[in-house]
Each structure stands twice: as C-alpha cells, then as structure tokens.
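In what follows, chain A forms one complex with chain B and a second complex with chain C.
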Partner chain A sequence: MNIVVILQTVPDSAEELTLADGVLDWDEAPLRLNEFDDHALEEAVLAKEEAGATVIALALESAGDRVLQTAVARGADRAVKLIKEVPLDASARMVAPLMAEAARKLGADLVVTGVQAPGDIFGQLAPFTAAELAWPLLGGAVGIDCSADAPIVAQEFGGGRSAQISVTLPAVVGVQAARRPPRYVSGSKLRQAVQSASIEKLDVAAELADEPGKLVTLHSPHKTTAISFLDDDPVTAVDQIVEIFRQRGIVGGGRG
Partner chain B sequence: MISALSLALVTLLAAGAAAWRASIRLRPLLSGRPSLRKDVPVRRAGFLLREIGLHRRLLRFRLSGIIHAAILVAFVILLSGILQAYSKAFFPDFRGWDAIAVVQDLAAILMLSAIGLALYNRLVLRPARFKGSNKRDALVILGMISLIVLTMELEFAFHIIADGQNSPYRPVAGLLATGLTPLMPSVSAAQIAEQVFYWAHIASILGFLVYLPGSKHFHMVVGFPNVYLRSREPRGRLPTSGAEPAPPTRITELPWKGMLDLYSCTECGRCQSVCPAYAAGLPLSPKTLIMDLRNNLVDTALGTPAAATIPLAGGVISAETLWACTTCMACMQECPLHIEHVPRIVDMRRALVDEGEMSPLLQATLVNFQKYGNSFKKPARQRPAWTKELPFQVPDARDEPVEYLWYVGDYASFHPLVAERTRNVAKLLHQAGVSFGILYDREKNSGNDVRRIGEEGLFQDLAEENIAAINECDAQRIFTTDPHTLNTLVNEYPALGLRKDVVHHTQLLHELMRDGRLRFRPTGTGQRVTYHDPCYLGRYNGRYDAPRAIIRDLGFDLHDMPRCREKSFCCGAGGGRIFMEDESTLERPSENRIREALALGDISLFVVACPKDIVMYTAAIENINASDKIKVKEISDLFAVV
Partner chain C sequence: MADILVYIELVSGQPTQASLDLLSGARDLAGTSGRVTALAVEDDSAVDTAKLGAADRIVLVSGDAKGYTGERHLAALSEAIERDKPGIVLIANSYVGLDISTSVAARVGQPLLAYCVALALGDDTLRATCQIYGGKLEADVECNLPAIAAVNPGVFQASETRGAGEIVQAAAPVFTARTMVQSTSSASDTGVDITASDLLVCVGRGVGDEDGVALAQELADALGAELVASRPVVDQGWVEKSRQVGKSGKTVKPKLYLAVGVSGAPEHLEGMRDAGLIIAVNTDANAPIFDAAHFGTRCDVLEFLPLLTEKLQGAIA
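On to the complex of A and B.
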C-alpha cells in the first residue's frame, strides 16, 4: 500500500507576523509544518509500522526541504517535492489539482493530509483533492488502523459517539488527530536525514484551480451567552447563586 | 609435614577457578567499544598512587575512610604472611622473617579491629547510603578476611606451643599460645593443630580468591586500572558523540572502560548520599543504577537467556530513572573509584531521545529549541527585548568591535524574574565603562542542557549556529551570567571551532572591582549572607572564589553552608530537569537547600550566581513559606544595594 501524505507549511503564529496592506505578508512570514499535517504524517507512519505500507511525503517546493527531511527522519520512505510555481498563499482549492495529479503519479492507494490548515481560510485540502481524484473521502479522522486487510478509519462525533469505518481503497482521509502525539525527531536523526535523504522532484502538468472565493470581512463570533463570576466572599457568592436561581425560576421568588 | 605438591595443586586449582570466574565476567570487555586512555602514563600512575596512598576521596566519609585505610594497610602487610605460608611449604627450612613478624601480628590486630568497626558501621550505624547495597556480600567478605587473619594467628600460636618457646616477635600469637597451651595434651597435638590451621589459612585465602570475581570486592583487582584509566577530560565536556556511532543500546555496546566501571563499584553508596534526585525521592540512585547495569553485564557474561537483548534505556534502567538525573556531577565527585555515572546516563538518554521516549512537556520543550532556538517558544526577534528598558543602547556585537561579547542565555533573556537582574549587570558594566555587545536575534540557546538531555544532534545544530554567529563578532572575550552556558562554551564549543576566552560575570565583575573600573562602596555592613555554588560554575568548572570575593568586598558577612564549593547541593534544575514535570516525593532539592541555609541561623540573603537558581530558589522560598526569613539575591543585586 502506498500512502501519500500531503504536507503544507503555514505561518507560525508563535513568531512575529507582519502585515502588508492590512493582510499577512507571506513573504516575511516564518512558516512551519501545518499541525494537522503533522498528525497525518504520524498516522501514515503508524500505518507503515502496522501494515508495512510505503509512506511518501509530498510537499510543494515552497515548503522547503526541511519539512520533507523531517518527514524522512520521522519514518517516511520517500520525500517528493512538487515542482510548480505556486503562490505562498494559494488556497487548498487552488493546489488540489496539483496534489491529485501527484498522488496518481506516485501510485497512491491512500492520500492522507490534515483536516484543515490555519493559514487557509477554506482549509480543506482533503475534500478538494478527493473530488479531483474522484475518490471517496473520510474527514475528521482520529486514527487509521491498517492492521486489518482494509484500513479502518476512526471518526468522533458529538456526544461521545464514534465510528469505525472500513475504507475501500483508493481513498482520501483528512486527519484531525493521530492516535498518539506526533513523534519527536531527534536532532541526530534529522541531521542524518539532511545528509542522506534524497528528495525527489516531481513535475505535474495540472494547473492551479481558480480561486473559489475571496475573503471580504472577518467577524468575531457573536456573543450569545456569558459566564458570570461569583464573588470571592462565600456569603456574597451564596446570595448571588440564590439570585441566579430566582432569575431562572429554579426557586420561587420573594419568600426566601 | 606440609605437602608442597598438595599446596601447589590446590593453589593451581583455586587460581584457575578464580581466573575462569574473572575471565567470564571480563570477556565482554574484549568486544566493548574502544576507550583506551593512553595519554600521560606517568601522571596517571602518580595519580593512582596518590589516590590510594592518601585516600583523599575515601576520607571524605571519615569513619569509612579510616576503616578502608586500616584494612588496606593491614592487607598489604599480611600479603607477606601469605608469602610466608607458601615459602614454608616449598622451603621446609624456612622459619619466617622475625623482622616482619611483629608487624604482621600488629597488622592482624589492625585488620580485625577495622573489620569490627566495619561491622559496627554496617550493622549498628547503618548509614542510609548502604540502602540498596548487597549486605550479604559485604558480610561474607568481612567474614572471609577475618577467617584468613584468625587462622593465620592460630597457626602461629600452635607453632609456638609446638616449638615450646614463645617468640618476642609475635606478641599476639604468643598471647594466644599462652591461652591455648592448657588445651593441648601434647606437642604432637599442637603440631597437628598447627597443620590444621595452616591448611585452614590456605583454604580461606584460596576461598577468598575464588569468591572475589563474583563479589563487589572485585574492585580490589579492577579498581586499580579503573582509577588509572579515569577520564582526564574536563568535567564539563561530555564525550563527543557527533562522530561516534549511535549511543549504546545494549550492555555489550558499552565502551569497555564503561564495563570496567561497573565491576569497580563497591556499593559504598557515597554517590547515593549526595544525589539530589535520590534525596528528592525520585527513582534514581547512582549506585543502584551502576549495580543494575553490572547485574545485566554479569548475566550477559554468564549467558543468561535474553540478558544481552534487554535495552539499556527503558529496560535495564527505567526511563524515569534516567530522566531523574540533574547531571550535577556530585556522584562522580564523590566516587572513590572514579566511576563515570553521568556520561553513562546521558548516553542512555540519547537512546531514549532517538526513540522519542520522553514526557510531553520535555518533548514540547525540545521542539521549541528546534523551532525557536530557546525553551520559551519566543521568536528570535524577541531575544534582545530585555534591553528595551535600559537607558542606553546595547551594541550589536556583529556590527561593531567590542571588548566583551555577552552570551546572555535563555533565562537571562526571557524570564521576567531574571531579565531584571540581566539589566542590573548591564548597568554595572555600563557604569564601569566596559565595551560589550550581544548577538541580538542570532543568539540561540547554547545547548548545554540540550546535550545533557541527550539531544546530541540538536546540540550540534545549536552550537554550530552559535559559533558561526560568534565568529562574526570582533570581541576579545565572552562573558555570560549563566553557568550552564559557560560550561559548554568553555568545555565543548572549542572542539567545534570556538576560540575565545570565556568568563562568568562574577569573574568579570571581580576583575573590574579589583582594577578600579567598577566603583563600589561596601554597603553590606556586615549583613550575614550565604552563597550557593551553582553546579556548572563550581563543581564543573572550579570557579568558586570570584563570587565569594565580591560578596566580601561589598561588606557582607559570608557564611558558607555545610555543603559548599565542590560539595554544593544541586538546585534540581540541571540536566534539563527544569523542563520536566516535578515528581519529587520527598523534599525538593531547592527546598532542602534553603532549609540548609536557614539552619545557619540569622542568614537574610541567599546569594546566587545562576539565572536558573534565581527561579528555583525564589519558588522554593515561597513553597516553604520562608519569604519573611530569607531572600534570593543575584550577585549583581548586591551592588544594587549601593
């Protein structure tokens, strides 16, 4: 089984980010691996350890070699750099055709990637890529168990419900969280990967898709309810609690 | 009649058995990683003789040191008794040496007295450092030595009875003979008894010889080469592993000197008694760590199934044990056999790091080091933020020549409690007219603690980037307020290309005071203070005096704690412990230390010279509700009093 993991870089919010004309200056922004892709890579490597799959890390050229070298140090078998002129702020929708063609060329049975990317407001590479490939999609995965004949993808829903879905390959999976935290890559392994890992280059004929929409404005969520803090003094706090109960009709008013 | 042939036969058999037992245990050394230290043989031999002759380390624990010295002296003298016993067999006319007889007799008394004291120490006093040691082995050995000496004396006593005349050269045996004579019905009975005790003496000697290789007292053999081959590298320089193979993961992959260390351990527990992790109730005793490794080595040597396949890190030694070490070096400082605990622990940590086996907090911290070059997850551009509140501009040492390059360090740059002290130091230097600059956003964590966590590759990355930045500067010297940074810059960076003198800020301030560049007035007015030697400044780098000189020159009345200078007690932050969860079950090392200071009485200031100490001890004082009794002061704070 060939598992292609798509890795994207996103602006590092822990660093100082600068704005140009009111929007993020991507050229100056320090980038790091998208956290969800980090989890996707971990799931792919776990799958490899469970079922002997071949893990192929795929990234745009603009992501830089370090991301791919780290993937190799983490356990990826191959590192592939997609050669194409792509703007740093290109959305998931725009790059999906490139990733889909790359996945086909790499003989992917399973494509995994992060469920979203904070640098991309549309942030849904998995569904767009699945659509380009016309493969089934499972999003919000919290585990891909490859120890059985067919991969079983775990999804979690509200109310503590979860689903175990057997997947017919080929398929695309959007990973929300790996079953274990992404493993640490020691400096020694990373240095070894830097020295020895060969990064393959892959050309694709596909063109970037059109931008599907444009961000006009952003709003904070509307405030609907608010929490109330009780006073530190326990006597006052008790009065406050009683008052709240009265207001909500939990206890009768007036008689105490 | 003593049968020379019988004696030769049993001796050969016993020697063969002992050699066989020893060779089995030592065989793995032949395939251990290379670690021969061939440099300065004369100096090494001289050091070995001094260590044995002066018992310097052993006498740090007075009673045990005296006992050991007495046993050693008596043992060496009584070797002549063994020679004498063999000479009797092979040369029937040999009558012994009168000149040495009296010394042998007295040595026997010395030995038995020392053994009595040793038993008293082990069975009555029972110091806590013996906890975890093999008491049975110790008692067997003490019993065997007693047997050797007693049988020798009894043989001499019955010889005197059989001879019919007392010897002025054997006062002890003579006394015994006087007591035993009434029990002897005839001369021939005395002769038989002499023969019996002769052979009992020989048997006890040979029994001891055969028992020895399987005992902790094997140190009598391997201790000599172990001390001779001790590391002469600076304490602060961990063995370079950049060009080395991967860290040892199985016992057979240890360097052979590391295996020799294991056989040299006498289980004396000195290391355990000074270990801050052990004192805090963490699952680490340097002694039992070495014993566990040795047991695995012996099992492997004896062919116990699967012993050789057990991973060292996380198998033979639990990960919790390895992560508990503060790398304070107190264990190595105390070990009389110069066993190298800390490099062994770091090697095993390297294996854990390579496997990603660490706590989430530590992993997150290492990721911060990788991504941001510091543990605080701060962008590089915020590195010089502490300078913003200064009334002057701190030069960028990459842009203009400076006398001193200040390697500031993470805690001094980012921790709010420490950054204030960092500014104090800057103001003092500015006042003294010192030209200094910093690396601004090019400075990254020096990697000292990263390396001791076991993240060797990351250390190499950090060091290379830092050295590249330093080499861009035109600075005569480097100084730092951080002893951890100082350690790696002084001891480890030179191997990677740094060629600059590095001093601690206490040394620099003292120099400036001495040269009259830093004007001060002694406003301590005799206030009683104590000073804590940071491990990486003191024990690692031997820099004890400058801080004390400053404190005294400023007019403070300095009182050292009982554990001071090379015996200083770690705050608990070293070796990356500050980046791990605190799982102390007893008393935190930092709280233990504050209580030690309070026990001095009337001490109002706890003076430190390490950024991490500021954080650790400030928290410790709050935790034990001692804020009204004692306060933490960085050395530069004392100037602020002016």
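On to the complex of A and C.
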C-alpha cells in the first residue's frame, strides 16, 4: 500500500503575524509545518509500522527541503517535492489539482493530510483533493488501522462522539490527531536524514484552480469583551487574583 | 432576497444547537422574501421536526443507515442543491460541517466561505468575515452567488419559532457506498465528568511540557478544581482526552475557568465561552483568549503557577 502524506508549511499562529496593506506579510511570517499535517504524518508512519506500507511525503517546493527531510527522519520512505510555481498564499482549492495529479503519479492508495490548515478561508485541502480524485473522504480522523483489506478510520465528531468507519481504497483521509503525539526527531537523526535522504522532484501538468472567492482584507479581530488586565508581574497578579477569588467566594470561606 | 438552504446536523434525531442557531440566522438573512429550507438526512432515529420551525420548508432525506457517513450526507446535500438551486447554503462549522462543507462545494462547483463569523448579502454576492489563524486574524471575503458558507457556532442564536413549516420527504440519495459505519461510541461514558465541576484550571500549549502540566495540577488541587486542557495538550498525550474542552472535547460552563497558557483558538472558545468567570494567563498579548476573558495577565505562566498554588495553600490553611 502506498500512503501519500501531503505536508504544508503555514504561518505559525502562535507567533505574531504581521499585516501589510491588508494582507499577510509572508516575508515576515514565521512558517511551520501545519500541525494537523504533523499528526497526519505520524498516523501514516504508525499505519506503516503496524500493517506495512510505503509512506511517501509530498510537499510543494516552496515548503523547503527541511520539511521533507524531517519526514524521512520520522519514518517516511520517500520524500517528493512537487515542482510548480505556486504563490505562498494559494488556497487549498487552487492547489488541490496539483496534489491530486501528484497522488495519482505516485500510485497512492491512501492520501493523508491534515483536516485543516489555519488559513483555509475557502475550504480545506483534503476534501478538495478527494473531489479532484473522485475518491471518498474521511475527515476528522483520529486513527487509521490498515491491517484489514478495507482500512478502518476512527472519525471524531465532537462532543466526545466518534465512529469506526471502513473505507474501500483508494481514499483520502483528513487527520485531526494521530493516536499518539508526533514522534521526536533527534538532531543526529535529522542530520543523518539531511545527508542521506534523496528528495525526488515531481512535475505535474495540472494548473492551479481558480480562486473561488476574493479576499478583501485581513485585520485583527474586533474586540467583543471588555477585559480587565491585571498586573504583568506574577507576584502582583497572583495577589490580585486571590482577591478576586475572595470577592467571588471561591476561596476564603465565602464559597457557595 | 436569495433562498437559503440550511444543513441540519442531527444527533439521535435531535438537531444540534449549532444547526438551530444557524436556522434562525438564515431566517434573518433571507428577510421576508427569501425562502428558508432546512435539510436533514435521516438515520435510524426519528427527526424532531418541531424544533425546525424557523424554516419555511423541511426536507427530510430518507434513510435508515446506521450512523453518519460523509459520502451519504454529501450525496443528499448535493442532490438538494442541484434540485432546489438555493442562493446560499449554510452549514454549521462543526466536525461534521468540516467534513462535508468543502466536499459539497467541490461537488456542486460553488465557492465556499469557511469559518464565517459574520455574513451579509449583496445583490449577487455573499460577503463574510472569516476567523482564521487560531482567531488571531479575521478575513473579509466575498464571492458570487450561489455560494456555501460554513459558519462558526455561536454566530447566530436560535430564537422563538413559529411552528414547523411544510415537511417534504425526499428519496434517499443515489451513490456508490465506499464507506461503512462499523461502530459508534461516546467518550462521555468514560473518564471524569468535567462538565460537573464549578472550578476548572485549563492548561494550554503555553505550559510548555508535562512539567508545566504538573504545576497546573498542583494549582488545581490547591483550588479544589478539576484540571482540563485544550486540544494541543491532549494531542501531546499530557492530559487525558476526557478532560479536553472545545469543539472536539466537552462544552463546560463552570463558575471559574482559569486558562493558563491557552491561546484561545475559536475551537477552544466554543467550549468555554459561557463560563461565569474567565481568567487568562498568557504571555502573548494578542492571544485570542483575552477576547473572551474577564480578567487577564501577561505574566510568565511557569512563574505564575507555583506562586498562585503557594498563595492558595496559605489562604486556605
């Protein structure tokens, strides 16, 4: 079985994101592997270890080699760089035809990627890719068991509800979370991958799809609540919070 | 005004609150001249149509399937769109919504605006504000009609309804099934019930590692609170799944929600926004959790945690 894992780098929303003229300043944006793709890779490697498979990490050229080298260090068997000029802010809709053609060329039985990315204004990559391929999609996956002929995907629906769904291959899976945290890669293992991993180049004939909508502007959210900020010094902040607790009866005998 | 089709998500035949909220929002958006249709895909439970009174028309798609599969709901919704040609389709941005909204947009060849927190109709356009990058930024976007919008929970609120509209039974969708439900489960049956606790200390990614979680546990113990966590912490395996708050976890409404190192992604806020008192501790002044909190401090969480624990132990002793 060939499992193609699509990896995307995205602006790190844990860091400060700078705007320039109403759009993201990509030159300043700190980029990282989409955390859901991180889990998708882990789940693919887990499936390989349990049932046997070839895991192929696939990324746009703009994602950089380090993402693919890290994927190899974590257990991917092949690393493939998709050669195509793609704007950094291209939406999932635009990119999906490229990924679909690449998946076909790589002989994918299963395409696995993150269930979402933080800037998916016009929709997510997994379902768009599934639509391009005319393959079934299972989103919100929290586990893939490939030991049977028809893999079983654990799908999460929120509120603690989940289901085990069998799927006839080929298929696309959008991963919410792997069954265990993405594995740590030591510096020496990563250096080894950098030196030994061969990154294949893949050309595709498909063109970017048209953008389905128009981004007018990006901005910071409008504040909806009036927060009271306490002191930034932890000793003072703790005193202030304990006083709030006392006033609310949370500590100090007035509780209830 | 455009006709609007609202996809109704069901749990054991009951429309979810997010779907009911969306239906009321559709009613307002459609005005007096637009028709609002609620579409629900039946499974093995009877659909409670009495709650769908904000709709002019209720379409029940037949089926006695065991549980939800995306491909069945995708087929049913696509058929309805191609048959009724609504100007707008609204889908709640739940996990099920996330599963089918993009798929249906691709299937019927219409634009999708995702993570919407505000919607407005132009003559031939749909304009929306979309919450992205973990709630740190908002995007004002627009597209031509017909279009599909995936709307974040809490944007609209269900209002009094006027009684169920016309009910239409639609045939089961035609599709080749390639997925099949093997079993279903509910995590609410296992682990601690965090929804029953008045006091919650929530840890987010900002606590750094398991040692940070241990410090938060000590604080929770000193406060007599339950420890809960945001999704990234649970995904790391530092806190058990039954203690997860947010879209993929539980919805809580405690008297106190002390969020430590929690960024406040929309998916997390969805699960705790209605807490009586929210106090947030995060070094990132732009963290969205501060938009939901009543009190906040930007001090270092690892300095803060043992100090508050010590203070509480002294206060209670």
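One rule holds for everything that comes next: the second predicted complex is superposed on the first by the 208 of 256 C-alpha atoms of A that agree within 3 Å, B and C clash if a C-alpha of one lies under 4 Å from a C-alpha of the other, contacts with A are read in each partner's own complex, and residues count from 1 in each chain.
The rule is short, and it goes like this: a contact is a pair of C-beta atoms (placed from the backbone, for glycine too) under 8 Å apart; a residue touches a chain by one contact, two chains touch by 3 or more.
Just so we're clear, the structure is a prediction, and the values are computed from it rather than from any experiment.
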Which superposed partner A:232 touches (first chain B, second chain C, both, neither): second
Superposed model, chain A: greater residue contact from chain B or chain C: C
Chain B versus chain C as contact partner of A:32, first or second or both or neither: first
Touched partner set for A:190, first chain B, second chain C, both or neither: first
Partner chain(s) touched by A:181 [first = chain B, second = chain C, both, neither]: both
First, second, both or neither for A:198, with chain B first and chain C second: neither
First, second, both or neither for A:14, with chain B first and chain C second: both
Touching both chain B and chain C, residues of chain A: 14, 16, 181
Residues of chain A defined as touching chain C within the complex: 11, 13-14, 16-17, 19, 24, 35, 39, 92-93, 115-116, 118-124, 126-128, 130-132, 136-140, 152, 155-168, 171, 174, 176-178, 180-181, 212-225, 227-235, 237-242, 244-246, 248, 250-252
Residues of chain B that touch chain A when the two form their complex: 246, 350, 353-354, 356, 358, 360, 363, 366-367, 370-372, 377, 379, 381-382, 455-461
Residues of chain A that touch chain B when the two form their complex: 12, 14-16, 30, 32, 181, 183-192
Chain C residues touching chain A - in the complex, by the definition given at the top: 11, 67-71, 94-96, 98-103, 105-107, 110-115, 127, 130-143, 147, 178-188, 199, 205, 223, 231-232, 234-237, 242, 247-251, 255-256, 263, 265, 277, 279-281, 284, 286, 288, 290-300, 303-304, 307-308, 311-312, 315-316
